[in-house]
Every structure is written in structure tokens, then in C-alpha cells.
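Shared chain: chain A. Partners: chain B in the first complex, chain C in the second.
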Partner chain A sequence: MGGWGSILKLIAQRIALGVLLLLAVSVLIFMGTEILPGDVASSILGQAATPQALENLRRELGLDQPAIVRYFSWLGGVLTGDLGVALSNRRDIASAIAPRLANTLFLAFWAAAVSVPLAILLGLIAVRYRNGVVDKTISGLALASTSLPEFFIGYVLIFIFAVTLNWFPSFSTVYEGMPFWQRMQAIALPAAALTLVVLAHMMRMTRAAILNVMQSAYIETAELKGLSQFDIIRRHALPNAIAPVVNVVMLNLAFLVVGVVVVEVIFVYPGMGQYLVDHVSKRDVPVVQAVGLIFAAVYIGLNLIADIAAIIANPRLRHPR
Partner chain B sequence: MSKELKFLSHRVASGKLSRRDFLGRAAALGIATPFATSLLTKAVKAQPQKGGALRMGLTGGESTNSLDPATWLTQVPQNFGSTWGETLVIQSPEDGSPEPVLAESWEPSEDATEWRFNIRQGVTFHNGQEMTAEDVAQTIRRHSDENTESAALGVLRDIEDISVDGNVVVFKLARGNADLPLLLTDYHLVIQPNGGMDEPDAGIGTGPYKVEVNEPGVRHVSTKYDGYWRDDVGHVDSVEIIVMNDSTARISALQSGQVHIINRVEPRTVELLSRAPGVVIEGVPSKGHYVFIMHCNTAPFDNADLRMALKLSIDREQMINQVLLGHASLGNDFPINESYALYPEGIEQRTYDPDQARHYFERSGHEGPILLRTSEVAFPGAVDAAQLFAQQASAAGIDIQVQREPGDGYWTEVWNAQPFCASYWGGRPTQDSMYSTAYITGADWNDTRFFDEGFDDIIFEARAELDTSRRAELYRDAATKVRDDGGLILPMFNDFLDARREEVQGWVRDPNHETSNLRAAIRVWLQQA
Partner chain C sequence: MIALPWLGRVPIGAAIGLFFTIVFLFCAIFAQWIAPYPGSLIIGGVWESSSSRHWLGTDNLGRDLLSRMIYGAQVTVFIAAMATALAFSLGSILGFAAAVIGGWFDSIMSRLVDLLMSIPTLIFGLVVLSVLPSTIPVLIFVMGFLDSTRVYRLSRAVAADINVMDFVEAAKLRGEGRMWIIFREILPNALSPLVSELGLRFIYAVLFLSALSFLGLGVQPPNADWGGMVRENREGIVFGIGAALIPAAAIAALAISVNLVADWVLNRTSSLKGGRGG
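The block that comes next holds the complex of A and B.
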């Protein structure tokens, strides 16, 4: 049972590292917004600023305190779930973000639910028919869709499926109480755009990782045993290639959450990205900080999961020398 | 009757053909004009159809919006506000004169310092409560209070006292103002129960629709209010406004028929969009204008000859055609156009005249280049416009150097600070409010540093003058003074560019504000197939 003990220890180490990294990121975010030119108070009041009003607002925002004090009071707030209030409308950030985050995760979930199995399946097929026409076609199409910028893919999808064919709505406004089926219809095009963007990366990685394993001696054994090509790939090659695949899948999942700003704006999808853009243009620093931190947490969290999965899947990492 | 004629009259009714073109074509078919006109009237005045769900895709909405009318600055809350709220007075789409809404009639005192507004009876708020004169008084009090954050404070500053006398609200002004009814058309001044003092963002008003869904930055829905007091507006069953800040998203939503109306069509996409089936562009000249402004008190612009030279060295028509692709109307160096009540007709149009410009330029004695600052935020196409201006002026031997400034901080560092730059102005409800905002000595934003006592006196006299013809005369003098002596170069008044689906009927061309003076939602109806 020493095996499980050391796994738990390793996982605990990874989590601790992740938390440390997140702390470092929080310092960076805070410093980044700190060195923006001009102070928040004067950018809120703008033209109408009188010295008295500026001073009142600075005191209200706590800007008269030294930066280090403000950092720790911000961090303390974040740790207790209090993200502060938005400067532009004095609303609680945490409660404003919650539905937006849910929307972003909803879109990311369905994009992932389509793209991950599809990518792995395509990867398997490409390996099965490696270097043949099928392999080349799959790789070519996937690479082409990845090399196109996402806004271009988005506009092409809108033009074909919304404007010309009228199959799907061209914009993806979703709201509370929207029937599930309508909601799915609304997100069809943005989910498709995201799928096309992340597909090739995962597919190529799956293909490469499995091909790598296919060179091993035990695959030859399996072949000699008389297993079918597809069974060999599925039962022997894939499990051993899982670590790098999980890694790249997590990386792409992270992109689905934090990288969707452009897609959300094009498709008018009320997620985190739009929320961030609205507030960046108003220089609403607390909101930008909060969103930045959430994005960082998602990114680090997903990578953590990838690491842990890799540890569990790989005996060599489980028993480090 | 010829089928073709019938078809043509429907084309006019759906906005695909102008009235004048129709009459021309009718004449070509051998139809006498009176008959053609009556035919047209029949088609255009088709009975509004009731029912249907209207959807609009509008830019200008953010997750920071509120239902409190005092906070409205952008198109989405403004348009949504007109579905559930109403003002006392509205400006006529035809001539800009005041028309009654929640106020039934009004009466000024001799010197226009005291105004009595009769409040309409039998109007109810969406919470069932009767609207009273007290609610009206409280609303105006809330917006005119010194400590208010209401954007309407500026226009209400002269109100000294508000009192209620039965069904009448009495306004006492610090100075006579013949325009008070027009000032009360401001879209912020939505009458709320107890003036919104208790709950400013409750979204309770007297409008034809009541608030159903309010998701700032995402969408807003309002549905028909059964107790509404009149039936000439509010034809559709429900209005949904979807926030679409991306221009391409708006256009594709309109093209695919998922929304009926969009706002802010970019001039360069008009041509393409107007060819799309089922789509109609609604362009209407606005009071807003794009300008180049010179400080009349700063060298070298303190020289009247130099100012005149620059005014003569700009080719307004070319600028309209190249920068706004024709979607604008000619400016004449004073900030008023036909959309204002008492517009001074017949002032000679200033034209591009490099020879005259050269003459004035030489007489000014100025030598060397002139620095013109511009930025993309000054107005859409301002950088191109400045470069075009420089090129046009070079024909008169004037060397304009264009300096592009960053958009960030343009309104604090450049506009109203540097002596020569590009800028824009939105319209104001009256000539008086336009001149008082930017052209009289001591105005809040006198961005041309135009200090002329004679001019100020004209504006003050006109403000309290109740005799319309005398007033019109005064405004002609004011316009001429700004045009000839001021620091304003006004090449163009930009158009409002909206677009609608063909099945949207009853669109009123209204120059007072975009999307049919923000009231497209309550004015149109949906033609059922």
C-alpha cells in the first residue's frame, strides 16, 4: 500500500505547488493593474474631477493605503469569496460573475463534449490508416481549421448556417429559464467554432502519442497474438499513451474557458469574455483583477488535473527514484 | 388599375421606393399625379396590424446598465426606456415643435418665467396606481436637484421652483425660457411613481409595455400593458431588445431575419446591406455634426482672415462622399440644421473656393504650417477627414499638418484644450440649448473660445421671446454670426443609419434621435405574411 501513500504525497505536492503558483499570479495581476497609467479614481471621474471629489473617491476605494496593505486586503477578500464591488455600477462582483461563469462553462462543456471524443476518435482512425489517404485528409482538414483565426471561422459559420441556410440562430444570447433545447440550438455555432479551433491540436497529439507506443515490443506481441489492428490500438496503445493525451486535452479545455473572449463577442454570448471586455473598456480594475484571477485558477487547476492523471497513469512517475 | 402601379405603391409603403420616384414612374405610366397620390396615401396609411413579437438587435448596452432613467447614456437603455416609460412632451418628427404626451397642454406667463402644465388624467402606472401631478413634480424635482447624478440636470438648471395646483404642475424659472416644453422632451425625464424617489430603478412607468425581463448587457423584454391610455402606439405584443455591440453580429442577425430592427449601420456596409433581400436601410439626417474647431482667442486662429481662409478651403461635398459615403448632409459652419424648430432658411451655403481662401490666407499674414489634431475617436473617419482637409487646403496654398492623437485621453488632453482639432457634437432639443452649451461666453463647453457679447445678447433675448417670428429673426442673426465670425468649421451633419426587415411597417422618419427618436419599438407594427 506504499504505492497509494506515495501517490497521495505526490498529489499533495502538486496541489501545494498549484496554490503557490496561483498566489504568484495574484501578485502579478495586482502589480499589473497597479502600474497602469493614471489612478483609478481619476479615470472614473474623468473630465468632471475636482480635487475634493478625487480625494473622496480615493479614500472610498482605499487608494490612500500603501499598495502592500491593499494587496493583502484584496487577497483576504478573495479567499473569503468576496471579490469586491465593480467601480462602474457598484455591484457585487461575485454575484455578477456567477451566472457569466456558468454560461462560459456551459459552452466550454459542450464544446469539449464534442471535440475531445471526436479528436481522440479521429486520432485513432488516423493511426489505424496511418500515412494513407484517410490519415492525410483528417490531418489536413484539422490543421486547416486550426490555422484559421477563430473570428474568421465564426463569421464563416454564421454566414453559411445562419444567414444562408437559416438552420441556427446567428447570435447566441442565452438566459435563465431558456428551454434546454433552445439553449443547445443557440450555442451550436459557437461550440462548433470552438471545436474546430481545438480539434487539430488534440487529434495530432493523440496520433503522435499512439504512434510512439506502437513502436514498442509489446505491440508486436499483441500483433503476433492475432489481435485486430483496432483492438491493439484501443486496448494496448491508447492506455499507455493516455498521459500526453490528457495533457493536451487539459490545455485545450483551459483554452475553451479562458480563450473564448473573441468567440463570445462575435456570437453575442453572455459569458465571462464579454463581461471582461465590458469592464476593461470602463477601466473597472477590481472586475479585471477578479476575472484574471478566475481565469488563472481555471488554467492552473486544469493543468493540475493533467499532472495528476499523468502520475496515476504512469508507474514510473508513481515511483520516483 | 395597372398591376405595376399597385406594386410600386407597395414598394413606397415598405420604404423601397421614394415618394418622388413613385410619382415619376406613375407619370411615365400615364397616371395623373392626383390619382397617383391618393393611391399612395392609401398604401402608406395601411392600418397598423396588432400583435407579434418584435425583436431588436442594438449596440450600446453593457452589463453596467440600470433601469434608473437618470443613468441612461447609451442606446439600449434609452430604447428600452421608451417602451415602458413616457415623458411629458415629445418633439414632432416633422418640424421639431413640442407635442403633448403625458402633459395635455401648457401655458407660459407673459415673460416665459412661469409655465403651467396640465397633466393628462386617467393614465395609470404599471403597478395600477393613477399618475398624478404630484408624480410629475417629484420626477422633475429629482432630476433638477443640485445633488442629482441625472444627466438631465444641465437642461433643467433654470428651474427654481416646482409646485402642484390640482391637475397642473407650475414651473417657476430663474430666467424666461420659451423652450421649456422642448427641454422636457429629454429622454431621461420619464415620469415615475413619486418621481422615482423611492425606487429609481423599479422600471415602473406609464408606457405601452411593462418590463418583463431586465438582464443588463444581455437582453431586455417588455410586454403589452393592458391599461395603456392610447392606441396609436404600441402595436406589437412584446418587445425584445438584444444587446449586440458587434456590428457584424447585428448585420447577420438582421439578414437571417432573427431580429427585425438594428441600429448604427456603418456607412461602408450600407451599400452591401441594402442589396440583401428583405432588408431596408433607414437613414435620416440628424442634428449631430462632425466639426473642426479653432480657438478664436489663440494665435494664429485669433485672426479672422485666417479662420475664413480655412472655412473656404474645405470641400464639404467631397468629404461627405469620401468619408461618410454620402450618408450625411451639408454643413454651413453653424451648428443648426433643418431638424431644429425655427431653422433659419436661406443663409447662403458656403462652398469650396481655393482662390478666395488663398486671398484671405495671404491677407492674414500667416506663414508656415498649421497643426490639426485628430483621432479615430473624434468621429468615425476623423483621421481620413483631416487628411482630406489637408489635401483640399493645399490647393489654396495652406499647409495643414495632420497630427494623429491617441484615442485615450483625447477628450481631456486635446479637445477643448488644443487650438485646432477634430471633434463632434450630438444634437440638442433646441437652438437655444445648442448655443448655450457651446457658443455663449461662459458656456460649459465653449470649445471654439467664441466670446462675443453681441452674440450672447441675441441668445438671451431669443430665449425669453415668445413671438415666433421675432425669435426666428434673432436665431438667423445668431447663425450668421457663428458662421462668419466663429471658430467652427462644420462640413457635415451625419445621418442616423438604422435598418429594418421589410415586414416592419409604420417606421417614422424622425431626426430628433436615432431609431425613430428611440421610439421605433412602440411606433412600428409587424406585417403578417
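The block that comes next holds the complex of A and C.
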């Protein structure tokens, strides 16, 4: 079969493109922190710093080197797992990030584990009862919830479930060695907030992807054969819809990357998002660069998987003109 | 459907959206005249509940919450509107130029936009704000610049469609310059899909600004937009005080209202439905 060979080649091309993109993004993130009029040294020491102190700090931080030299030494460090030290507390960034990354992934995993099946199920229901009351209600709620800011959802959840009903803690404190169930209880509300943030969009796109399949000729044939609606969806539509739905899911998990930043701040959850926001206000540039790059890498990776799913799903994409 | 003066028959959803949009805009424009108290004046106890003197109660420092909401509307709407205006001027002119000029200019611009769009806007915004001061002009510039990428994509796609039409061909043959082609031939014909995109980009700017201010990186105290007000009052939530929910709900209400209006305009005006992603 020549088909699989060409698919593998396309996928390899896609991955190579992704790596190239990530390199370009690292340049962009580095440049983004170079646009300020002064430099990091003057923002650490403030207005009153003596020129001598500035000079010393610049040398210590390597700021007397040209930007290109600093970029490559930063990139070299990142590639070997050395993210440098934080300016604010002189701690190693990589070892500070590791537990926070694990926390964020834990939260994002459970949010995805709830939102993905739920979105697909709601999407299927909306397609089954297309243009009926159920579909209209789901679509209307989805439209409304895409306009809701994350903190509105988050604080309403806290207000109802933590303060009024007292079912969950309002701050999602987690620590090392915390028992699993206690940890699950702590992340219940932030995971619910994240789920609500991505659910609507994911459901709408799933609905569109499945509807697209439902309008093909073979579905009409199945209808004319007299199969029931659910049989048609289960046996004919779903197998063909899986790949586009995977594409939709990955794109929306990429949205989750952004949502997690705000949600972690709302629930005071010790993850990457909060770490990033804290250090942006401290103007701790090395930390911001490192965390920004990790977020961008995850985002690009998820989009890459979405692309690959699309290539597998759609034979027409395998033969680029 | 209900009948409105000037507009004719309007779906109920759009009419409600229009009503709230107008109310919010009115508050934003006339804040100085309609706010019952000055925005930063401490006039009562901390987190008083609503009363006849303070309709929405007071905030975390004892300032009148209704007045701060009205001033907050001004800050939010002003910054979001300016950022949207910047995004549209920058994005549409570059998008039209890319479609008309083509060649290397188009390739470089489009790859650059692809690159910028491959990072989540909030993340790149945070990276840039780690070195820039959070002043209002900086916020407008950063938000407008980042959002112009999406306007660029739409304008380029729309302009590429128009660029191959006969009247543009005719203008080129009679020797008009590129400026003429962009501003006299393409712009008038691209307006309708761009206008329907305007509302959606405005909502996006409101949500983006609110998120930044909520994270403490947007509008700085003592000024506050609605996102900043959520931040100021968030400690009250744990004690069962809902002051933070009011500005949060206002952001949601503004976003939903503008969305309803934009949807109606989109359905009404054009068959050219441009990209509505992101």
C-alpha cells in the first residue's frame, strides 16, 4: 500500500514544521521581552540605582552580551533542560516548575476527562434532535457561555458550591503527598470551571463535524433503508466522524491551555498559570520566558495532533496540489 | 420578532441585545454625569449591602459600587473600543495590501501572522507585559496589535475575492495606483463582512482586557475596569459577599448583548460570511 507511506511522510513533514514553528516562537518570545526601553537590570534595581550597581548586575546577568548571543545561550539551556534561575529569588526555574507542571496537568487531565465525553454526547444529542427544542436550547446556552469570562463561571461556582452549600473548599490548595480523594475534592471546582469554559465551543464544533458527515449520500441511503436514527449515527456516521471529532477535541484542549491560567488564579491553585502570572507582575523575565515557551509548546503540540488527525481523516489532504 | 422604529422587524434576542448594548454605551459615555458618587471616594463601610443610598452596596474600601460600575464601564468600553479600532485599521490595511500587492509582501506578512497566531494571545500578552508598564496606551497597543492578526486574515481573504473582480481589473487597466485600488475599489466592497466582524472582535477585546485586569496586569488602581473590580472584591466571595459577581456579570451581559446584535447584523447584511474563528 502506497497510501500509508504517503501518510507517514505527510505526518513527518507536519512534525518537522511544528518543530520549526516552535523555534520561531522561541525567537518571538525572546524578542517580546527585549522591546522594553531599559532592561531587566534597571527594572530590578529601580529608578534610584547607581550606574555602577547597574553595570555590575548587567554583567552578572549577562546583559552586556548582544541579544543574539543571549538568545542562543538561552535556547541551548532550554534544549538541555536548564531553564536558568529566577531573578526574584535566585531559585532554579526547572525544579520550581516540575511540581507545578504536574499540578496543572493533573487539573487539565480531569477537566478534559469530563468535558470531552460530555461535549461529544451533547453534540450527538443536538444532532439527533436537530432544529428541535433540545438542539436550540443547547446551542443557545453554548452561544451564551462562549461570552462568559472564566472568572464569572469560577466565582459563581465558588459562591454556590463552596460558600453557600459548603461541599468543596473555595481555595484549591494541594500539597505533595495529599491523598488522592482529597486532591480530587480540591480540584473539583476548578475542573468544573474549566469544563464549562471549553464545553460549549467543543460541543458546537462536534455538532458541526457530525452534521457534516450526516449530510453525505451514504447516510441518506441508510435512512432510505429504514434504519433508525440512532443506528444511523452509531453504525454509519460515528465511524466517519471520529477523526474530525478528534480534530475538534484537540483544538479545544488548546483553548484549555489559556483557560487554565485564569482558572488557577481564581482558585489559588499552585500550577503553571499562577506561577506565570505571579512572575509577570514581579517582572521576572527568565521565568516568564520559560513558562511562556512551555505553554506555547503545549498549544502548538495539540494543534499539531489536530492537524495529523485531519490528515488521517480526510484523504483529500493527503494529496496536496 | 418585534417592530422597532427605524429598524423594522427585529428578532427578540437582537432587540434585547441592542437595548443592553445601548444602556452600557450610555453609561460609558455619560459616566461623569450619571454616576451618583465620585468613583474613588470612600463614602461608607466596607461591603455594605444594597440600600436606598447605595443601590449596589459598597466595595472592598467602602466606595459606592454603582458609581464604580459606571466609571468601570467607561474604562472597559473605551480601552476595548480603541484596541478594536487599532486592530481594524492595522489588520485591514495590511490585509488589503497583502491581497493587492501579493508576491513576497503577502508571503512575509502571512507567515508572520501565522507565527503570531500560533501562540495563545493571552500568553504572548503576558510575556510582553512582563517588561512593559501596564499603562492604558500600552494596553491598547498590545491588545490591538495582537488582535489585528485575526482582522488581517479576514481582510486578506475578503480582499483576495474582490481583487479578481472585473471592476478592479478595469481600475488596474486604466492605470490607477495601489492606494486607489485599496481605498476606492476594495474597501467599500469589503466593509460589510468587516463590520459584522467588528462586534465579535470588540467582545474579544472586552474579555481579553477583563482577563488581564483580573490577573492584576491590566488597568492599574485606583482606576478600575470591570475585570479590575472583580479582582478588588474577590476576597469577599469567601464570606458570602457577592460584590465581585456584579462586575463579572456586567462583562458577561455586555459580551452576550453585543454577540446577539452582531449575529443579527451578520444574518441580515451579507452572504460573504468571513472567518469567525477565535
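Definition applied: the second predicted complex is superposed on the first by the 308 of 321 C-alpha atoms of A that agree within 3 Å, B and C clash if a C-alpha of one lies under 4 Å from a C-alpha of the other, contacts with A are read in each partner's own complex, and residues count from 1 in each chain.
By our rule, a residue touches a chain if its C-beta (ideal position, glycine included) is under 8 Å from a C-beta of that chain, and two chains touch if they have at least 3 such contacts.
All values derive from a computational prediction rather than experimental measurement.
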Side-by-side fit of chain B and chain C on chain A, or clash: clash
Which superposed partner A:285 touches (first chain B, second chain C, both, neither): second
Which superposed partner A:21 touches (first chain B, second chain C, both, neither): second
Partner chain in contact with A:72 - chain B first, chain C second, else both or neither: neither
Which superposed partner A:230 touches (first chain B, second chain C, both, neither): neither
Touched partner set for A:265, first chain B, second chain C, both or neither: both
Contacts of A:299 with chain B and chain C, given as first, second, both or neither: second
Chain B versus chain C as contact partner of A:163, first or second or both or neither: both
Most chain A residues touched (candidates chain B, chain C): C
Chain B versus chain C as contact partner of A:155, first or second or both or neither: both
Partner chain(s) touched by A:144 [first = chain B, second = chain C, both, neither]: second
Clash-bearing segment of chain B, relative to chain C, as chosen among 261-269, 279-287 or 423-431: 261-269
Contact residues common to both interfaces of chain A (with chain B and with chain C): 155, 158-159, 162-163, 170, 265-266, 279
Residues of chain A touching chain B in the complex: 46-47, 86, 88-89, 96, 155, 158-159, 162-163, 166, 169-171, 173, 175-176, 265-268, 270, 274-275, 278-279, 282
Residues on chain A engaged by chain C in the complex (per definition of touch): 21, 24-25, 28-29, 32-36, 40, 43, 143-144, 146-152, 155-156, 158-159, 162-164, 170, 254, 257-258, 261-262, 265-266, 276-277, 279-281, 283-285, 288-289, 292, 295-296, 299-300, 303
Of all residues in chain C, those that touch chain A in their complex: 115-116, 118-124, 126-132, 203, 207, 210-211, 214-217, 227, 230, 234, 237-240, 242, 244-245, 248-249, 251-252, 255-256, 259, 263
Chain A-facing residues of chain B, complex: 57, 62-64, 66, 213, 215, 217-219, 242-246, 248-249, 252-253, 255-258, 411-412
